[in-house]
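To start, I am sharing the structure in question, which I have written as structure tokens.
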Amino acid sequence: MSDTFEPKIVAFLCNWCSYRAADLAGTSRIKYEPNVRIIRVMCSGRVDPTFVLKAFSLGADGVMIAGCHPGECHYLEQNYKAMRRYYMLRHTLRSMGMEDDRLRLQWASAAEGVQLAAAINEMIEQVRALGPLNWSANWHENGRRLEALGRLAQEHAEAMEVPA
Amino acid sequence: MAEKVGVYICHCGSNIAGMVDVEGLARWAGANLEDVTVARDYKFMCSSLGQELIEEDIKKEGLTRVVVGACSPHLHEKTFRKACANAGLNPYLMQMASLREQISWVSSDKDKATEKAKALISGAVRRVIEQEELFASEAPVNPNTLVVGGGVTGIQAALELADAGYHVYLVEREPSIGGHMAQFDKTFPTLDCSACILTPKMSDVGQHESITLLSYAEVEEVTGYVGNFHARIRKRARSVKEADCTGCGVCIEKCPKKVIDDVFEAGLGYRKAIYRPFPQAVPKYPVIDREACTYYLKGTCKACEKFCPTNAIDFEQQDSFLDLDVGNVILATGFDMFDSTRLPQYGYGRLANVFSNLEFERMCNAAGPTDGKVVLRDGVTTPESIAIVHCVGSRDKKHNPYCSAVCCMAALKFGHLAIEKTGAQVYSFYIDMRTPHKNYEEFYDRLLAEGMQFVRGRVAEVTDAARLPGEEGKLIVQSEDTLAGRQRRTPVDMVVLMGALEPRHDARETALKFGISCSMNGWFTERHPKLDPVATMTDGVFIAGVCQGPKDIPDSVAQGAAAAARVMAMITKGTVLIEPVVATIHEENCSGCRICNNLCPYNAITFLEDKGVSYVNAALCKGCGTCVAACPAQAISGAHFSNEQIFSEIEGLLYDAISGNGAGHKVEPAGVPA
Amino acid sequence: MTGKPKLALYWAASCGGCEIAVLGIDERILKVAEAFDIVFWPCVLDGKVRSIEKMADKEIELCLFNGAIRTSEQEYMARLLRQKSKVLVAFGSCAHEGCIPGLGNVATREEIFQISYHDTPSTVNPEGTRPQAETEVAEGTLYLPHFYDTVKTLGQTVEVDYYLPGCPPEPERIWDALTAILTGALPPPGAVIGAQTTVCDECPRTREEKKIKEFKRTWEIIPDPEVCLLEQGIICCGIATRAGCGALCPTVGSPCIGCYGPNEGVQDFGARMMTALASVIDSDDPQEIESIISRGIPDPIGSFYRFSLAHGQLRRCALPLEADTLDATKAA
Amino acid sequence: MKYSYYPGCSLEKNAASYHESTMAIAGPLGLDFVEVEDWNCCGATEYHALNQTAAYALIARNLAQATKNEGLDTLVAPCSACYLNLRKCDKYMATEPELAGRVSQALAEAGLSYKGGTLHVRHLLDIVYNDVGLETLQAKTTRPLKGLRVAPYYGCMIVRPGFHNGDDDPEYPVTLDRILTALGAELVDFPMKAHCCGGHMTQISEATGFELIRRLIKSADDYEADLIVTICPMCQLNLDGFQGAMNRHFGTSYHIPVLYFTQLIGLALGLAPRDLGVGSEIVSAKEALSKIGAEVEEAEVATPRQRRDDKALPMPGRRGEG
């Protein structure tokens, strides 16, 4: 590729703090890189690890989970559950060979538009430095697969035919 | 059946159109996205003409889903939901993409912005197809209100509601209502006598037929939801039968046991083991402090019982419980004073003549332990010089980063009272003088004229280690005078520490009990810091006064009244709408593993023993989705934020990613290679 | 030849337990033989691939296919049987979700060959011989099946009509499925034939609300016989695993390891375990949470994906970038 | 409990009594110190102002040497300056890559290396307070310091924020207070406990140095302390060695002996004064220590500050302290 790599980051933002921080970044005209695609959830506690895994398998280069600061969750304490799941997921992803920087847990209050924008930019830079994830490429088999399949059919036709 | 999706791209004048190729985007959506039957762009989608465009398409084109690419849903989600509803489409079948806040306003490259917009629209289209019809339900509102905390804020709230004819249960932890304000001598900046303006309100509360006053009581448990809360109140045993007590006070007079009064007198004075916090207490009934009473400790005495003319003393009395049904709750639980021993360099608790602000309040109060005389700890000597130290525990990263808001004015008040009562030289050591309110700055000017000395700089330490002439026997205040640019050692007789206002030590437990949240500093969190300062995220639970954040008496009173007004609106309307965005447990998939059971802070999830499954009470559920994400059996679904909806949104957002095209995800055509 | 519908059974990358499980239906196997003409079952009957190849498409009524797809030969057979069968059932955990063979996806072919043919203590291979896909001998070229880097499930290889979970499927569930197929009382294609809830539903242990301060390995404690194993800190996958086995393992004090796969509609078994366990960790302190997780769950893939790694969203561990086995697409 | 031990230069000469008393109490308290082999000066308080790389290389060499004590990951320094330098250096080696790079290069020249965070650098006071503990001290006390009025003096080096991992207050530390109380001593509320002793000021500006010493001695005298207890050789040197000169400078006649906390612990444990280096101090502690001879006499100590007449108002309690 000739140009710089443009990572795709999927971000799950909670409705009350971090999504509002994104709104604030907008109304304050704080520029950040266009590589992030935001999904609104009511609470960071709604983020199912499956969402994260699915995003990675569908081609995301990084995933951000953002919620209210600890102790400030609009649902009292659900962001702690998001935090626990984040550490659990990171633990598993590490053993699958995924770099830590590709999954980020970010606290952002409704007043922290600047901070959220900076965190997004920082994450984009980190992921850009890591390069494309392209996870599903891990599944591709060696190019000789189809050849091998074809040979079996041929072999059977030649060798397994009992002469009359 | 394939859905018919309408996509509407808003220019927002040039707000979006200036950075995103809106026409191109609409064309692209119409041509490339599955199930999109109509795709239009329009100058202002939120205008009535814009809305009509959607309504018409729903009717004429038979749209079954609508996507609006415009501003943040926090601005216009309601607008477009309403437009859909007008045209007969369930409002929950509309999805917004935030092209303005998330793209045009934060991007600087039009091509990249347009590419990002395509992804967002694609995500919204895929998501909206999975969305389902939802319907809000209604519940009645109980007209009774629970007010927690009988300080001036709670008193105001209770009176506003009671005067409007609604019944109020006012719960106060201490034996009397009145709160911190009852301890003060004067109030700034007008210097009215605090008791003179507060006690009439207190007796109004005591006598009001619409107020049930529950003092020496605490809320044990709250269940239910907006309009229909159930509260269990623990009335602590007073050891005095309220029905029989006349409040004559003989028992107090005759009680032989004197103890330091840590609460009302701030530790500066004494009270008896049977006591009323202060003479004008409401209610008038005394309580026996069982930890101090000789009878409870040693089994003999009973002086109070002997002398009581109405046989109102009951040593055997037990805590009792009261179950209340209320529609709304107002929390006005106030604050704790900062414990200044936490800053040992200021000598509080070590150096006799260092006083806390509350001690000084009591000292100034004519009904206080010194009869209003300002004296040193020896009880007789009048100080000739007094230093008032601001921001003790406030604006201090080691303790509380916030400004306590009232201390500057209280310090000015102390300066005035000290000068008036003793003629002493009074110094104020401040960081910034904060006097923003009607007539506050004028009060500062007055103190400047009265001769109070102001030193701008934080105090490093208060010590009795003298080393310069004139320091012997004095307290030396070591500070940096940032205006003069030098160090100062100021020898004084007395030091008053303006301690911070802190959240109640049990504020977090209280918050949990009522299902609301606390800020990082521990103050209760309001629904919106500017536009909704007395409501909380929990419908039907309101907050007022200092429990929401430091503020002075006028602001507290205003919030008490505001909370009451909000409650009255709820009562007057009579019903509340219950949001349909809730979690549902599908019994047939639930194995009763009970993982979800303690994940809900609103106790909406219960385990049904008979069926062996868990159940979500929709009225209590706030729709956060945490249990949905947690269920190992995937037996819980979250309305409007279902797995399918979010999976589809992810797929849509990543429509242009390499593997989003299907590589590796789809099975190759069957059959054996030739 | 009879007019009975034809039945085929096949065994790809699996242990053979599924074959035995079929016989676990006891004398009812005779009813199967009565109802079907068993045309192909290499484990039990003599049969020729060639005769299958010569059949018309969809000539076989029902094919029970067990085993994951690890080699080109297995993929070939999967494709062949798909082509020739009306109803293809992914029979057992390997075909359904990769199972233990799927755990090979933590490594590459190179690593597996290195261990199998060189590093194991019992291997004597001084010449360093390795299986070769092609070998030239005097008589010509000999071929061996191609060994894949990544184990795939049957469903990732060909369209599958039904899935029968379990390692192996319980005989009663097999009989239920056969009955359903014989009587035509089938769920919509693509479905898993089985219960709609999880193992806890069948588990006799008592369950309370959960809070976990420490995850424990099975050898660390002697569990209370009455109480939910998870509440005692043992990672029991019963919460997330489809019911059907009768909670065999937890009943006898051994935690469920998840062989029946995820519950209805679940796309990633490991994610369900991770999220459920993380949700009930009894700590709000990041450092403590990390240490509870890293101390208590040293092998997250083995704990959460023992049977379903190949079936999960990520399917395998990342391939090393420099691995020469990579397809050109990775570099692109 | 086994530790690496870095005595530092002072403990070889002027603070020999600190070293002697530390060694004397180590056995009874169950402490085992393994001296770092071939250690060198820590650079004291000035060197890093002159040449940062050389200064930290000097300190890092000691850390590197200490890692040679196999199996010991805690390095104990009795001198506050040494403690501060070692701890700072350990931290910078982990957090300041640029400096660490230069220092590592210097170490490599000598075939040494040190990775920040390898050792836990701790002050002797920390070891006695946290590892030995007040209960053990109390239990082992055979000659309680009853009646001895002591001013606990921490100096300014040890109390930097982060001392005791933030468990003690840098403005008003209490660790030493609690140790002395456990030994039975009567504590004075020494307001100057964390103020500077002057460091090397006597060598630079005598008048300034003497003034700083005077403040401390005067305050202890105002509180009628029998002696000052210190944890730092520099403090001891200034307050003890220069007390006479300071008296002459100001025309005063203070007589406040200055002892190390290890010496007082030794006395409380019943050890002989001479085994603890007691007697080597310049301002004699003989009279003060006569109060706690083998035959302990309950001395009536006047406490005028605590007298209170009927009108007196109650003092606020210090919450959180029983």
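First chain written, first letter: the chains are A, B, C and D, and each begins at residue 1.
Rule of thumb we're sticking to: a residue touches a chain if its C-beta (ideal position, glycine included) is under 8 Å from a C-beta of that chain, and two chains touch if they have at least 3 such contacts.
These numbers come from a predicted model, not from an experiment.
In this structure, the chain pairs B-D and A-B differ in their number of contacting C-beta pairs, and the larger number is found at A-B.
Relative to chain D, the most remote chain by averaged C-alpha coordinates is C.
Chain centres here are Cα means. That of chain C falls 67 Å from that of chain D.
Centre-to-centre, using mean CA coordinates, chain B is 47 Å away from chain D. Put simply, the C-alpha centre of chain A and that of chain B have 35 angstrom between them.
Computed from the mean C-alpha positions, the centre of chain A lies at a distance of 54 Å from the centre of chain D. Counting partner chains per residue, chain C shows two or more touched chains at residues 53, 76, 79, 267, 272, 275, 279, 329.
Residues of chain B in contact with at least two other chains: 599, 626, 629-630, 643, 647, 663, 672-673.
Listed for chain D are no residues, as none touches two or more other chains.
Contacts from chain B toward chain D in the complex involve residues 260, 267-270, 339, 341, 343-345, 347-350, 352, 356, 359, 369-370, 375, 377-380, 461, 463-467.
Listed in rising order, the residues of chain B touching chain C in the complex are 588-599, 607, 612, 626, 629-635, 643, 647, 663, 667-668, 670-673. Chain C makes touch with chain A in their complex at residues 48-50, 53, 72-73, 75-76, 79, 133, 143, 145-146, 148-150, 152, 267-268, 270-272, 274-275, 277-279, 281, 283-284, 286, 289-290, 293-294, 297, 299-301, 304, 312-320, 325-330.
Of all residues in chain A, only 8, 10, 16, 19-20, 22-23, 25-27, 29-32, 34, 37-43, 45-51, 54-55, 57-60, 69-78, 81, 85, 117, 134-137, 139-140, 146, 149-150, 153 touch chain B in the complex they form. Every residue of chain C that touches chain B in the complex is listed here, in rising order: 53, 76, 79-80, 82-83, 155-159, 196-201, 207-211, 228, 230, 238-240, 243, 262-267, 272-273, 275-276, 279-280, 329.
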